[in-house]
Amino acid sequence: LDKVMKGRQPTDLMLRCTVLDAEGNVKTISGQFRKTDLSAEHRINPRDLRKIDSRVPNIVPTILVRREAILVNILHVRALVKADMVLLFDTFGSTDSRLHSVFLYHLEHNLKSKTTGLPYEFRAIESILLSVISALEAEMVFIRNLVGGLLAELEEDIDHDRLKRLLHYSRRLAAFQSRAQLVEQALEEVLEQDDDLNAMYLTDKKEGRPRDGDDHEDLEFLLESFSKQVEEIVSEVGNIDNNVESTQEIVELILDANRNALLGLDLQVSIATFGVGTGAFIASLLGMNLTNHFEEHVWAFYGMTGISTTIVIIMSFMGLRKLAKMRRVGLSSTFVNRNGNGKPKRWLPLPLRGRQHGGWWS
Amino acid sequence: LDKVMKGRQPTDLMLRCTVLDAEGNVKTISGQFRKTDLSAEHRINPRDLRKIDSRVPNIVPTILVRREAILVNILHVRALVKADMVLLFDTFGSTDSRLHSVFLYHLEHNLKSKTTGLPYEFRAIESILLSVISALEAEMVFIRNLVGGLLAELEEDIDHDRLKRLLHYSRRLAAFQSRAQLVEQALEEVLEQDDDLNAMYLTDKKEGRPRDGDDHEDLEFLLESFSKQVEEIVSEVGNIDNNVESTQEIVELILDANRNALLGLDLQVSIATFGVGTGAFIASLLGMNLTNHFEEHVWAFYGMTGISTTIVIIMSFMGLRKLAKMRRVGLSSTFVNRNGNGKPKRWLPLPLRGRQHGGWWS
Amino acid sequence: LDKVMKGRQPTDLMLRCTVLDAEGNVKTISGQFRKTDLSAEHRINPRDLRKIDSRVPNIVPTILVRREAILVNILHVRALVKADMVLLFDTFGSTDSRLHSVFLYHLEHNLKSKTTGLPYEFRAIESILLSVISALEAEMVFIRNLVGGLLAELEEDIDHDRLKRLLHYSRRLAAFQSRAQLVEQALEEVLEQDDDLNAMYLTDKKEGRPRDGDDHEDLEFLLESFSKQVEEIVSEVGNIDNNVESTQEIVELILDANRNALLGLDLQVSIATFGVGTGAFIASLLGMNLTNHFEEHVWAFYGMTGISTTIVIIMSFMGLRKLAKMRRVGLSSTFVNRNGNGKPKRWLPLPLRGRQHGGWWS
Amino acid sequence: LDKVMKGRQPTDLMLRCTVLDAEGNVKTISGQFRKTDLSAEHRINPRDLRKIDSRVPNIVPTILVRREAILVNILHVRALVKADMVLLFDTFGSTDSRLHSVFLYHLEHNLKSKTTGLPYEFRAIESILLSVISALEAEMVFIRNLVGGLLAELEEDIDHDRLKRLLHYSRRLAAFQSRAQLVEQALEEVLEQDDDLNAMYLTDKKEGRPRDGDDHEDLEFLLESFSKQVEEIVSEVGNIDNNVESTQEIVELILDANRNALLGLDLQVSIATFGVGTGAFIASLLGMNLTNHFEEHVWAFYGMTGISTTIVIIMSFMGLRKLAKMRRVGLSSTFVNRNGNGKPKRWLPLPLRGRQHGGWWS
Amino acid sequence: LDKVMKGRQPTDLMLRCTVLDAEGNVKTISGQFRKTDLSAEHRINPRDLRKIDSRVPNIVPTILVRREAILVNILHVRALVKADMVLLFDTFGSTDSRLHSVFLYHLEHNLKSKTTGLPYEFRAIESILLSVISALEAEMVFIRNLVGGLLAELEEDIDHDRLKRLLHYSRRLAAFQSRAQLVEQALEEVLEQDDDLNAMYLTDKKEGRPRDGDDHEDLEFLLESFSKQVEEIVSEVGNIDNNVESTQEIVELILDANRNALLGLDLQVSIATFGVGTGAFIASLLGMNLTNHFEEHVWAFYGMTGISTTIVIIMSFMGLRKLAKMRRVGLSSTFVNRNGNGKPKRWLPLPLRGRQHGGWWS
């Protein structure tokens, strides 16, 4: 048991991270730090670092505001933002180095430029959120193109292969949708809590001017702006999802209608086969090795051929007429005609006329 | 990388917009302004203008209240309203010039007339919202007619083509529904925040009388009135959507029932074919070039013909009777009869009689 | 353009309404009033009267509380209630004159009787809400009977016609449900706002004793009582809707199961046909005009007849056995037996036994 | 009209009720009281008594707190609880006398015992809620057994009859679920309102010590405890409902898969029939009364028999091979293989690599 | 009746529990305690202990905060935590002794170590929640593997057996999902109530320093951390559930498409059979024992054979062409072509052009 427990011992856990200093310069690239040292140095509970620890699966994004630092953990970004330092944790398995380097470049640039008037920590958060939004947007566009292309292909023909791809895209879409919604939630959770918003003014706190009340317009506008953009993405994904869903529903109806059409054709063939079979039955009766007394009749052959052919045609015709009547499937019915109006979508006035009204008071 | 980044440089971005002055006269038509100048002049964060920037896709409508201006971005209208000026941004690709010119005409007219007692900025917002509502209403009527017409056609016959149109209308309906709901949300978001409502009294603010508390009845009534109208539209669209959905469900059931009916007819034909086939089998046995010892019998032919025809009829009759029994599919069952009441919709009293009651206290 | 705009000019709009005075007597019946006069006289914004204007479609019910009046617009009732006067607006197209006259009779009676201790405006509102509830209840009963009757008919047989009626009732039910829910919402919206509740004490306001705080028990109890009744109706409609929905689902399953049964019968027939066909094939082989060397054999005919009949029976029997095996479709499977318990509904204990437990601390 | 109104006159309405005095003794059994007397004596608005009036249908449970009394109306219990008296109203049509007598016995017992320290009115409410929970629990167990039994039967075979029972149980389950949820809601509504909780201390109020603020732990714990139990039942019912729903969905899939299997068998038979038919066609050609010049050939018969049998076998074999290929329906497709990973469930990294990155700032 | 009531008498109920003292040492293992003694000793209402009583089914997890103790009842853990003592109740039927012993080991260890700075009761809760999360995580992984494996198998072929397993897994998934959500709810319920959070500082309370206001960061962070982990699990389960659902939907579509394909093949066979049947009919006509006057014609046999074979081929070809046309089922239709754009997914501009615009003011 002891051995098992050591397997999860977090004390000797090393985290790789890139450090940017107060000037926005990269101080360390993928340096190794001990988890315990990190939590001690930045006054963070080791529990909070567990989410950063990249070996744990990680779907729900979080923005944790602690005494001296903000812990951001959204999609591919796992960062610890302080008033004069940013730590970017490496996420194992994140092969998307291009995304990461663009993010790092922008972060550096943004931390150096001091024209926007925002404090250091907000500029860091701005860069992080921009990278997140950018990633979401890219995936949204990617999925929209995938799905759009498939739906366009379905215009042509509905086949097995396309339906399978629909499944794969539909799963992917659902996963992305839930991811985007969780990002939106995380942002809104922070926006709703005045305490957290105040606590995020790390520079002010460090300089001994802790914020109070609801005077945090800069930060609010910043976060709101990103929140709106995520909302936009979520809304777009919702539209795509709606499209996929209504396509699925209608595809089912179309396959059903097509099946009925095929069945109709099948019936036509069956009826014709039955007709021909009846003819063959009659002919084979006369083919029996029994005396039918017409053997030598001159016109008997032509007569029987005519008769049986006629029977074939009559049988088939009757069957096909019955079928034709059965194949028409409209929604209108005798019921509607009985009501005589045929306008089922109209506002239906309250049907009170024929009732016994009781008094109104009680 | 540098080049790529310049591609999005917003500094040299020009926005085309129409300007109306304090008297409601059009000062500039589709004039070009630099984004940076605009944000500086009207004391707006460049970030806020990004939504106005028409190249970015734009689904979620927003009403942003800033220090000296209100930024409205709903459907086709992208406007910046100040206490003495209105800027209407041109939206690229908005070919609907008629809608736009009517809107402009009304806005001018409304800004000039001072009889309503509303301040300048509210008259501008009133015109904007009226144009929005009008556009929503128009599209709603358009879609309602499309869908209504299609549903009426489905009354006659359910075919492939109509189902495809149902898909297209259903997608369009869903998109419109989400659009209308987002407009409703945007209005309600503003209505819920007293701060924003107060901050929208731009004229009062400009004249040094900032509003406080919850004394903003004029504006509230104005926005509420439009909010109710959007609610009306959303509710109507919801009804259309319900109609489409229940139609889809029942169409599926009707296609299913029709398929069963077709299958029933198919079975009738199959059974008859089987009967005829049995007859033909018997006849062909006698057609074999083998001595059946009845070759010369005088009545054998008539006898065999009679016998095989009888077999055909018996076979078919038995099959058809079995089929007839199987085709009746009601919901009632022996189970219901066993219960003896057949009233499954009644309030079911608590079935406690046969139980062992434990005590009531614990 | 000018002409078009005049088309909607509301200034010359006449509204027809019935007026009741402070004593509850009908002063004017369907008198014509100018909209502008009305809004001036009762100090209401013309915008508010637009909802009353009966030409506009009107789904969302509203209770607007204004300075000197309460504007009620629910279903068939469009009224303006003041401290000493009630105006009932005629709704064009409301052919339900009986409902209206009962309502008017009760309103008069209720306004005259002063025993309940409620002020004038509340007695008016009580009568209005009673009429609304009564109308909702009547329609609910009507729809419940329609749907109940149809579901009872479906017990017997599921056919095309009944499914079409199900569609019509289902649409109607959905429309009614949304209507009832909107009435419930409107009532709850008023109940939630203390301001509005206070402002509804028109008599007190008129006599210079405006209410404040949350001392409005009379009104609250009054509205709550109606709100509960609407809730009851909404809940009942929800139950009906659930019934319809689960019926639809099961009808689909039953149609599916029935189709499988039909297909099974079809297969039986097909197999028998195949058997007979095989026999006919063998017989026709011997019917060829070729020497089979048994032509004169005495027992050959009986032998071949016996053999081919046996083949027919064997073929059919094998086919039918294979079919019988295939037609049994239970949910139980080898998989369940493999687990050996067959109790999939039981509480499943946490499957931790076979795992490697890591330590508990982090 | 007058007559009609009198039909609902509540003034002369008699209510039957059982009265328990302050000592917990039954004073009157099913005594008749006038509604007006009751409302006057207990200072209750007649409107409130309407819910008690057992002739009105009654789905939504309510707990109304009035000046001197608490009106409880949940499921089978309709009671008026005062500080020193409990009135139990008889509900017409409640045949479940056993449930009622156990309830009465427990109520008497509980009112007499004063050891729990709870005031009189709370002991009454405790007994009432215990009876309600007990009834809910009993019905839940009953339905769970019904549904569980049916689902177990469906394991064996899915037939018409069982699907019909599924419908009946599913309706019943839905009705029960809505009932349990409404009870939960009613309890929570009371728990959420501090005013109501305070007002329920009838004994304290009577003795001139009205409660204030949020010092009502006893009552809160009491109600919370029952609320938790109802929650437990609602949650259990939700699980059953989920079970039924997923069973329905999978049953549909299984019926679909079974139909495909049947169709496959049908095709096998059809193909074999076609093969046999082709053979019979060839044989019948040679059976024509025309000179085929092989009439006297010694081996011709065996040759033709061999050839046509071979054709039958080849035809059938080709058809069956084509069918076998078509019957395999997996979800995997060339598409997945093209991607080469086949792991569609994995976390999909953001597909940014191939994109043109724009800059990060705006 | 008396006897029945005694059956539930809780007074003589013995509970088995393990006790840990203030030092974290196990004092008693599975000792028996009387319920009444327990409730008296720890000042808990007997009602609260009912949830602990393991014989009652127990789905909804609860954390009850009482005067001197915290009652935790989540999944397999039923504990009473005090400032210097922890009671772990045995749950009958909990065979998972390994999970329990690991939990006990960790709890002991955690109670002994005083380095974390957390008070005794919080360390107990930490261990409890860790065990709960661990159990949830284990089951989640287990189910994810089950479902993932099944979905992978469905890639290959959709058969009866796999669909049945899908049902079992789907039920299990739903049950687990509801369980995880209820745990999440229970945690959030506690987190939302400042009173409860304060009351959980048992050590401080015992030492006479009851907490007030919202100064409970330690506990909040502790609970929040676990709440986030449960959220993660719930979110993961939601994804699995989405996967299962969209798989079900697409499987249905694929089965439908496959059925259409089978039907198409069936039709091909039917058409060919019909063709062959027609040929056989013609041949059998000539096989009749009637004089057809070509008996002795030298080429007649070859002529008729040729003619009938040609008819067979023509018949089949026509049928198959008709079928081929019918089998193509795309979503595109003449309707889309009529509109000429074929881009149904694009933003649809407001269709106002062709309308009559009324004026904008009202």
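A, B, C, D and E are the chain letters, set down in written order, and residue numbers restart from 1 in every chain.
Criterion: a contact is a pair of C-beta atoms (placed from the backbone, for glycine too) under 8 Å apart; a residue touches a chain by one contact, two chains touch by 3 or more.
Just so we're clear, the structure is a prediction, and the values are computed from it rather than from any experiment.
Peer 1: Superimpose the Cα atoms of chain A on the matching ones in chain D and note the rotation angle, 0 to 180, in steps of 5 degrees.
Peer 2: In degrees, rounded to 5: 145.
Peer 1: For the two copies chain D and chain C, is the contact made of the same residues on each side, with over half of the numbers shared, or of different residues?
Peer 2: Shared-number fraction below one half, so different.
Peer 1: Where the centres are mean C-alpha positions, what is the separation of chain B from chain C, in Å?
Peer 2: 18
Peer 1: I'd like the Å distance between the centres of chain B and chain E, where a centre is the mean of that chain's Cα atoms.
Peer 2: The answer is 28 Å.
Peer 1: Touching two or more other chains, which residues of chain D qualify?
Peer 2: 1, 47, 50, 102, 105, 160, 164, 167, 171, 175, 243, 247, 250, 252, 254, 256, 258-259, 261, 263, 266, 270, 273, 277, 280, 284, 287-289, 292, 329, 331-332, 336, 345, 357, 359-361 - these are the residues of chain D that touch more than one other chain.
Peer 1: Along chain B, where are the residues that touch chain A in the complex?
Peer 2: Chain B reaches chain A through residues 1, 45, 47-48, 50-51, 57-60, 62, 148, 151, 154-160, 163-164, 166-167, 170-171, 174-175, 178, 182, 243, 247-248, 250-252, 254-256, 258-259, 261-263, 265-266, 269-270, 272-273, 276-277, 279-280, 283-284, 286-289, 292, 294-298, 300-301, 304-305, 308, 312.
Peer 1: Could you pull out which chain D residues touch chain E in their complex?
Peer 2: 102, 105, 221-222, 225, 228, 231-232, 235-236, 238-239, 242-243, 246-247, 249-250, 252-254, 256-261, 263-264, 266-267, 270-271, 273-274, 277-278, 280-281, 284-285, 287-293, 319, 322-323, 326-332, 336, 342, 345
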